[in-house]
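Below, chain A partners chain B and then partners chain C, in two separate complexes.
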Partner chain A sequence: MFAFIIRRTLASIPVLILVSLIVFFLMRLLPGDIIDLIVGQAQVEVSEETIAELRLQYGLDEPIYVQYFNWVGGMLRGDFGLSFRSHQPVIDIILPRLVPTLQIGLTALVLSAAFAIPFGAICAARPNSVWDRIGSMLTFVGASTPYFLAGGLLIYFVAFRMRMLPPSGFVLPTVDFWASMKHTIMPAITLALSLVAILIRQARASFSDVLRHPYIRTAYAKGLGETRVLIQHALKNALLPIVTILGLQLGTVFSGAVVTETVFAIPGIGRLLVDSILGRDYPIVQALVLLIAVAVVVATLIVDIVYGILDPRASRA
Partner chain B sequence: MGFSIPGHHGLRGVMTAFPSSQRNPVQAIGGHARSIAGWCLKEPTGAFGALILALLILAAIFAPVITSYEPNAVNYRDLLQPPGATHLLGTDELGRDIFSRLLYGARLSMAVGVSAVVLSVLVGVPIGLLSGYVGGFVDELIMRVFDSVIALPPLVLALTISALLGPGLVNATIAISIVSVPTYIRLTRGQVLSIKNEDYVLAARSIGVPVWNILFVHILPNAIAPVIVQASLGLGFAIILESSLSFIGLGAQPPVSTWGSMVQTSFQFLSLAPWFVIAPAVAIFAAVLGANLLGEGLRNSLDPHQKQRM
Partner chain C sequence: MYSRRQFVKSSTLGLAGGLAAGSFAAPSLASTGGGVLKVALTADPISFDPHLTGSLQGRGTTQAIHDTLFGIDESGNLAPMLVTEWEQPDNKTYILRLRPDVRFHDGTEFNADAVVYNINRILDPDIGSIRSGEIKALDTIEAVDNLTVKIALQYPFAAFLFPLTDVSGCIGSPTAFEAHGKEGAALNPVGTGPFKLVSYSQETETVLEKNGDYWDEGKPYVDRLILRPIPTGSTRLVELQTGGVDLAEDLPLQNIASLGDQTDIVVSERVGFRWEYVGFNAKDEFPGSNKKLRQAFHWAIDREALHHAAYFGTGAIGYSGILPGHPFHDTDYQPFSYDTDKAKKLLDESGLGSAEITAYLRPEPVKQRAAQLIQSMAADVGVTINLEQLDYASHRAKLRGGELPMDMHGWWGYRPDPDQYLSVLLASDGSYAKRHGYSSAEMDKLFSDQRAETDPAKRRAMFREITRLMNEDAIYVPWHYSSDFKGISKKLQGFRHAADSIIEYKYISIGG
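Let's look at the complex of A and B:
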């Protein structure tokens, strides 16, 4: 088992290196040199010497591979550079923005799992029933609804018409817990809609597989009701692939954050990414894209390892 | 679909490659139901999806016939009118007719979606064929690079690429294609791995058929079914991605407008004129739903053994 964990962890290192290379070169390809941008923002005549000095200061006189290693080295030490616009350290700008994104993302994951797993189980237990049809309809509707449609409808009806929840913004849970929850619920439901689509499908497939086993027939034969068979007998075996898919949805959470945080005006990293791209604040863009990619790779790694521990057959492959 | 041996036309030359790859899926549908009408009865969900897409495409083509309003005609006397008899879906903040803007917007939204799918299939399928067939170091390298690309969530990657290329619809199309390519590579490669040691491929190889001919004439027709399914699902993905990029401000730039950019401008009027947001958003929903339903129907008939990938 230990060997499996080591092997699997080592295997993700090349992916991380490749990701960092891709991000680094993407940023070097961006229109306009970094120095041009800084000089452009200064809005005064800048002499050739100052430009040369700036190039030296930002390490741009070095060969490209040295720049890459300086950049990676800096990040490993927690130094992500300075923002072009506010001149604050990038890390100080990003960290507080993580709270709303993760709070909404986790709420969405929990909500969608709590709804989709039982629903998928019922769909699997009663194929072609009304429940199954509703389930498959939900799958299609969830997968086809853009975040701004779900979000727009929620804001209009729940916030503007019924005045039950605030339409936009965010409050930190440390400041006011209930207000924070009120700001979390609509964006989380918006995000959960696409997660529900994926999870119902997976839960249905996973339960269908398990329900075919003879031990389920035995459980029914000895007179157990559907609920007990599903919860006590099928759930344990069906859960593993569902949890795996759930763990791989971190990417969906980040993708969704970009749109939902725009819809609900939430100061999270999704909105920060959009603002930094539109405002050409490249150090922030670069750090965010890399952080998101690393988070996704690490989440995949953890899911793989947990799967290997829970189902030892997988680790021997 | 069965593994029909493409037969002697494999030796006939270049041009036969594409007709044969197109004929195959049609035969596969035919194998199930013999005709399109039969397929619609057998796959009502897929047929419903095809119907939605067909209606949207017809609406886009015949926009000038369906509506008498110019999509860009500004009318300051009728700002933000609610839906009614004169303006079917109301008017926007400049008094333009929303229904006719939706119809004309359909042209661009559909065009971007279709071009992105075509582009990513044209790039992804050959790379997948080659990667799977050649194997070894090349395969390893290609798969590793695209594994890393997939580590970036689709919208985040599309955003970054759009930022790199600059905002605009053409660049958004390119960005969406780049994001979609890995799926087609992976899919095609998997198919190639499972059929490259079939007798008919070995036979072609042993009589000295050139590699490109084996790939496109012998392997491709038998590997294309899941790609067609994915292309339909990919259309929905591309439309939703384009609308998200436009909503954020990196897709269509004014005066050009797609459904996504209509939502972007309308969102600030949500409390005053909810129909202004809902109309284009529902159009996007309908198009994506159509593509997803069609993809599901195609999967059931073309590719019954494939695990569901959504």
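Let's look at the complex of A and C:
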């Protein structure tokens, strides 16, 4: 197992180098830079000398490959640079923004898995039943409702009409745990909606596949009830593809965070990423994309490890 | 639609700078104390360094912490602030007398040296302040005595003092600037203003508290100010409706309509925050190089229809670049009407036959709606407009490169003197003028004449002449003045809707 982890970690290094190159040059291929935005936002006459001075201060006057090696060199020394927009160290900006995104994302993942896996199992066990139809409908609705609509509706009904939860913002769990939970529920449900759609489908497919095996028929034949068959016999085998999908949903969590964090005014990294791309804040975008790449690599690694635990054949391969 | 009853227009055409009536009168004696004022901003202030901040939210928050040298009164004229009296011995010299007994939040004294330090900081290339362009006419600034500053200009510039009503005129403690350095100053602001910064958490909240030693006796009224950036308009509105905030910036038009007959919220509208025009690039390679084509748009645009369809009847129809609310604005100036025959005749005279032109749009829903209407109006007279979408930075890059054949975005942001933006747009050395390929000796003369003139009445007439020539050359075809909207809880008193949309927190109190 240990050698497996080492092997996988080494294999991810070229991936990260490639990601760093792509994000660095893609950002610079976008037309317009931070100075255009500073000047545009202020709507004042800015002289050519001031613009040249600003380019110098932001290090944008150097050849692009020099800028790349400066950045990579800085990172290897643990220096991610200063944000273009706020002049604060990139790390100081990104780290606090991770908590809300992770808290909401993990809550959404847990909520959707807890709901979708049993539901998918029931759908598979009783095909074409009422449950199965509700399941397909949920899949359809969940997959086709955009986050901003789901979020907006939740805010309207839950926060405005029923006044049950605060409409926006975030509180750290270390500051006030219950307030933090209250701020987590609506964005987590919004995110969970599309996760549920994906997971119900996957769970149903995976269970119906497993349920066709002869050992399931044997289990029924020896007199076990449906619940025991599903949990004790089918679950472990059905879980393999579901875990894979769940790990890959990290991407959905990040992309969904972009919208939910904007709708609910949550200071997370999804919103930070979009604001920084639109704001041409290169250092933040570069560091964030790398961070997300690392997270996806790690998540895939964890999936593989869990896979190995669930199915020992996988880690021996 | 919303009910007109609770829709307070702060400034309508002709009522120059007239402020909201009724519920926003001066605070009553019963409600002058304390409380927490919670405000929903559209974006994070990001920096509190007055000389480096750029956004409206940055400028607004910075001005709660730092007083400006001058204020603007309700008629749009210069008013005392940190400067109590000023005189102009000749058109290149100003003598400013400063308010005595004012202290910075760090306890150091506000004086002439501090003013000189701050103005020089703006001009320091190492600081790289984008405000340097606003005070480029400055030759020397010196402290005559502890409370007197003398400013000498390189050339006459009548609008010189006006930028000092905004962040260029914000005075921070020189001791603090020196102690924190350029990067540190962003989050460690020390001014003389009504509020002090307590804590800041990016994209979460900015907390300010009352400056107990504020020079303006009795103000500010509230003890604490919490500013929360909430990017989505409908969320800001729900926060306002559920009491999560007491004041919300920039309520989008479609949300205002959804307010219905809610009685505990008032929407304040200030006309003249933005000036909408259709801009043309007059460089040879673009269709806009044809003057008759440009002039045809004066008649081809149905301003009334745009006013209703794109702006739901808010704001005001516009024919010039002088914004309503400004003393130089003239309501009677209405030289154009919707007349497709005249437009077609001008197009015939243009000799172009048919014209095709591309307009790039930024992601702003109202503008996109307006652009589609203008597109169909132009089609009616035989001009094809192709609309293309860009993000904000890409749009700026195209604008900087002078590559916009047509510009549908106009100018945003009220400025207390029209020279501050019209010169950018019209004078030959102005960046927008260059990007639009515009240069006119006659226009340049008008600008240098009004700059040398100290009598406001004469300047007003000169700006009328500038407007006439602007419309004659038709690089910018004006069509609308749009508004700034703020949603206000009815329990607030003393809210003044400033023309530049910056909230003056010190006048606001929380009543019952």
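In the analysis below, the second predicted complex is superposed on the first by the 252 of 317 C-alpha atoms of A that agree within 3 Å, B and C clash if a C-alpha of one lies under 4 Å from a C-alpha of the other, contacts with A are read in each partner's own complex, and residues count from 1 in each chain.
One rule holds in what follows: contacts are C-beta pairs under 8 Å (C-beta built on N, C-alpha and C of every residue); 3 or more make two chains touch, one makes a residue touch a chain.
Note that the coordinates shown come from a computational prediction; the quantities given were computed from them, not determined experimentally.
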**OP:** Have a look at where A:Leu54 lands relative to chain B and chain C in the superposition and call it first, second, both or neither.
**Re:** second
Original post:
Where does A:Val263 make contact in the superposed view: on chain B (first), on chain C (second), on both, or on neither?
Top reply: both
**OP:** Mind working out whether A:Val175 is in touch with chain B, chain C, both or neither, as first, second, both or neither?
**Re:** neither
**OP:** Have a look at where A:Leu76 lands relative to chain B and chain C in the superposition and call it first, second, both or neither.
**Re:** neither
**OP:** Please indicate which partner A:Leu278 is in contact with in the superposed arrangement: first for chain B, second for chain C, both, or neither.
**Re:** both
Original post:
Looking at the overlay, does A:Ile22 come into contact with chain B only (first), chain C only (second), both, or neither?
Top reply: first
**OP:** Considering only the touch criterion stated at the top, classify A:Ala221 as touching first (chain B), second (chain C), both, or neither.
**Re:** neither
**OP:** Quick one: classify A:Pro166 as touching chain B (first), chain C (second), both or neither.
**Re:** second
Original post:
Looking at the overlay, what does A:Arg201 touch: chain B (first), chain C (second), both, or neither?
Top reply: first
Original post:
Intersection of chain A residues contacting chain B with those contacting chain C?
Top reply: 30-31, 152, 155-156, 160, 262-263, 278
Original post:
For chain B, which residues count as touching chain A in their complex?
Top reply: 144-145, 147-149, 151-156, 159-164, 166, 236, 240, 243-244, 247-250, 263, 267, 270-271, 274, 277-278, 281-282, 284-285, 288-289, 292-293, 296, 307-308, 310
Original post:
Which of the residues in chain C come into contact with chain A in the complex?
Top reply: 46-47, 52, 54-55, 125, 128-134, 136, 163, 182-183, 186-187, 201-205, 228-232, 234-235, 238-239, 241-242, 244, 390-400, 411-413, 420-421, 423-424, 430-431
Subject >> Sites on chain A touched by chain B in the complex >> reply: 14-15, 18-19, 22, 26, 29-31, 139-141, 143-149, 152-153, 155-156, 160, 197-198, 201, 205, 251-252, 254-256, 258-259, 262-263, 273-274, 277-278, 285, 289, 292-293, 296-297, 300
Original post:
Which residues of chain A touch chain C in their complex?
Top reply: 30-33, 36-47, 49-50, 53-54, 57, 82, 85-88, 93, 96-97, 152, 155-156, 159-160, 163, 166-170, 262-265, 267, 271-272, 278-280
